[in-house]
Amino acid sequence: MISLWRDMNGRGQVAVALAFLVLLFAPVAATRYLLSVLTLILYFVYVGQAWNLMMGYAGQLSLGHALYVGLGGYISAALWVHFGIGPWLGVVPSVAIAAAFGAAIGWLGFRFGIEGVYFSLLTIAFAEFTRIGFDHIGFVGGAGGLFIPYEESRLGEWWNLRGSQVFFYYLAFGMAVLAVLLTALLARSRLGYQWLAIREDETAARALGIDVFRAKMKAVLISSSMTAVGGVFYAFYYNSLFPAQLFDMSRSIELILGPIVGGTGTVFGPVIGAFVLTPLGEILIAVTEKAGINAPGAKAIFFGLILMAIIYLVPTGVWPWLSQRLGFARRRS
Amino acid sequence: MSALLSVVDVGKRFRGLIAVDRVSFTVEAGEIFAVIGPNGAGKTTLFNMIAGVLAPNEGTITFRGERISGRTPDAVCRLGVARTFQIVRPFPALTVEDNVVIGALLHRTEMAAARRHARDVLATLDLFDKRDFRASALTLPDRKRLELARALATDPKLLLLDEVMAGLRPTETDRMVEILRGVNRDMGVTILLIEHVMRAVMALAGHMLVLHHGAPIAKGKPEDVVRDQKVITSYLGQESI
Amino acid sequence: MLSIWLNVVVQGILTGLLYGLMALGLSVIFGVVRLVNFAHGEFAVVAMYAAFVLFRAFGLDPLIAMLPIALAFFVVGFALQRTLINAFVGRPEHEQFILLVGVAIVLVNAVLIVFGPDAQPANLPYAFDSYMIGPLLVDKVRVYAAVAALAVCAALFGFFRFTRTGTAIRACADNLVGAAVVGLDVRKLYAITFGIGLACVGAAGSLMITIADAVPSLGPAYTLLAFTIVIIGGLGSMAGALVAGLLIGVSEALAGFLIAPSMKSMFSFALLVAVLVLRPQGLLGKKPA
């Protein structure tokens, strides 16, 4: 963490400190709508960062991360709805089960040498398989969905994740900050360097004594566990869960757009990505409404076009380009 | 026994084709040992068996009394055998220093210690000034030295070099010879090299082994081996020294 | 009892041929251009709507509309490769992925805006006709569609086998550097290949409208289906794509019949995982060197 701070020059430090303070005091001035958008952004920072660890650092392209969001959300919600077990306790089995799924995918993929596109497809297959499975599990409501009841009397029970918009904002803020710090920490750790080596060249990494299988397994386990916590947040923030919504491939894609647009393998890429894409979506909704185009797909078309433009123009992501432009580039001793 | 590495009756077949046929030799601690032979003689196969890339069909390879044949490349490296690749494979998007830091982290958990060690190795190999360059931006001779630096950063007892002179111009070859001598003498690293460039082999090796069609045809000191009639007809006769 | 089973399997085979044709397009693109067309299923859905419109507006039978649609898709594919996609050849997979996800999002939502989210049946006049062959009762449309799909596949095999361009494209797939060295215009061949891949999916989509209703949400599902088939069959193996298409068609039909239609793709994914683990090169794929 300290090294993250030290690696930035004065301008970078000022910018990060300012952004932190603005976000910290945002609820004072922000409207409820703005706060909900910011909450969503911070949620995407969090899950994007979790995915970034696996793809940006360890180089393993998962296109099925919605699986872990869904498992985390569903398990914690089901424990709460059916047994009254609160999310602070429920997060433990949620993470454990999501990590077990991650371990299964990782083991299959890495033991049997399933790489590149094949590995990505394996992750999609698991997510889709689980989605269809949850459609048929009556205990969690099947395709009809699972709902966390809204109870007026519980509203202040923050320990059960029952709270106001401001509460969820700060929760998301805390999670996002922790995710950024964790990424910074891992990026400068022995494990982080092992991941980079594997991302760049697995054979060379192995020749330098790195146990590639173990390092990759750690990446999947950390990433899936983190993402599952995001799922718990999602469940108690939105209170309604549908397999088609949580596990769908479009969810996995949505989750990884931020880090890719912002810049994979960087600490601030997923942050910038989320802060670019989520407001962009909101602005597109507003603009298309203003322009009188009330077709449901119009916003998405613009979104798709902008996505293509970004990946065409700045393929390594907005953050590396931006930090160069604004003079935040790392100075190296 | 002071043998650091001993290869005993090692053989490898690919679909019935014999690539390496019952090869035995030992490398003493502190020496520079060369394996030479024409293309297709089985040098690379032998190299890959020592480095853990391939498992031999027969025979054993022991390193400091421990059997390493059949182990994975990373396990072999952790025991103290580092290697370079004939076609260099630096981590292209990382800086020169970070490339070497990854090697240094093998036996160091402290980041600061690893970075210090990496810089020491870079200084030894004349790469210190280029430590902030991306590896992909280096010239071939620099990349070869980076590859060497990365391997040395793992604190090996034995260094396996796969045609490290290939693609270098004569002046660059001489420089590499100097560096390898220094590594061997000052850092106390034993070197096993597989080489085509005879000039470098003659300058460096204390002992050598000549392979032909997978089988050893001569073994001993370089000055004796080059006078061996079998070696001259099968190998040296075709390629001028 | 046995005849029911037989009917299910035959229906699966007939549907599987359409799947195979669709996957063939993906396999050709992937095998030659080394590009991951994540918008493949979306293109199939666009073709379905094109055939739907041609039938509703001009009464053009999808079996005939297939030809102009495939031609149009070829042109689109050629142009797309030349302009947008060529810059992404050889780039990291996740970059290609984002580009084509962008394309997919645009396609699906364009269709959504024009036609709305509801399923659109083509209502062919002979949709409910069927042939009685002994104990078998087969839908006429499925037979027609399957025969048409087979014809397109045969044409494609012929193209790659017997024409100069086809041979040149295969050379590109085998040895890119070699192909460039002997003076083949690799970029143009890539564009032709992408065009052919899209023509396949155009034809497959047109035929698909005869047996399934057009819905925008089918896009991602078809993309996934095509990928599953290509990987099961073996990347770059044209015959593999067809065989795996049949396999998935039959497996879906059986699963739908035995368990529940909504669970049919679970079996495809299970099959995919099994193939990835046991035979990563696919059923008919070449072993990696």
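First chain written, first letter: the chains are A, B and C, and each begins at residue 1.
The definition used in the following text is that contacts are C-beta pairs under 8 Å (C-beta built on N, C-alpha and C of every residue); 3 or more make two chains touch, one makes a residue touch a chain.
Just so it is clear, the model here is predicted, and its values are computed rather than measured.
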item	value
Chain hops separating chain C from chain B, counting only touching neighbours	2
A-C against A-B, pair bridged by the larger set of C-beta contacts	A-C
Where chain B and chain C are represented by their mean Cα positions, the distance between them in whole Å	50
Centre distance in Å when chain A and chain C are each reduced to the mean of their C-alpha atoms	32
Length of the line joining the C-alpha centres of chain A and chain B, rounded to whole Å	44
Sequence positions of chain C contacting 2 or more other chains	none
Residues on chain B engaged by chain A in the complex (per definition of touch)	51, 72-74, 77-78, 82-83, 85, 89-95, 98, 101-103, 105-106, 109, 111, 114, 132, 150-151, 154
Chain A residues within the chain C interface of the complex	55, 61, 63, 108, 112-114, 116-118, 120-122, 124-126, 128-129, 132-133, 135-136, 143, 249-250, 253, 257, 260-261, 264, 295-298, 300-301, 303-305, 307-308, 311-312, 315
Complex interface listing, chain A residues touching chain B	188-190, 193-194, 196-197, 200-201, 203-212, 332
Residues of chain C that touch chain A when the two form their complex	36, 84, 87, 91, 93-95, 97-99, 101-106, 108-113, 117, 220, 224, 227-228, 231, 260, 262-263, 265-266, 269-270, 272-273, 276-277, 280
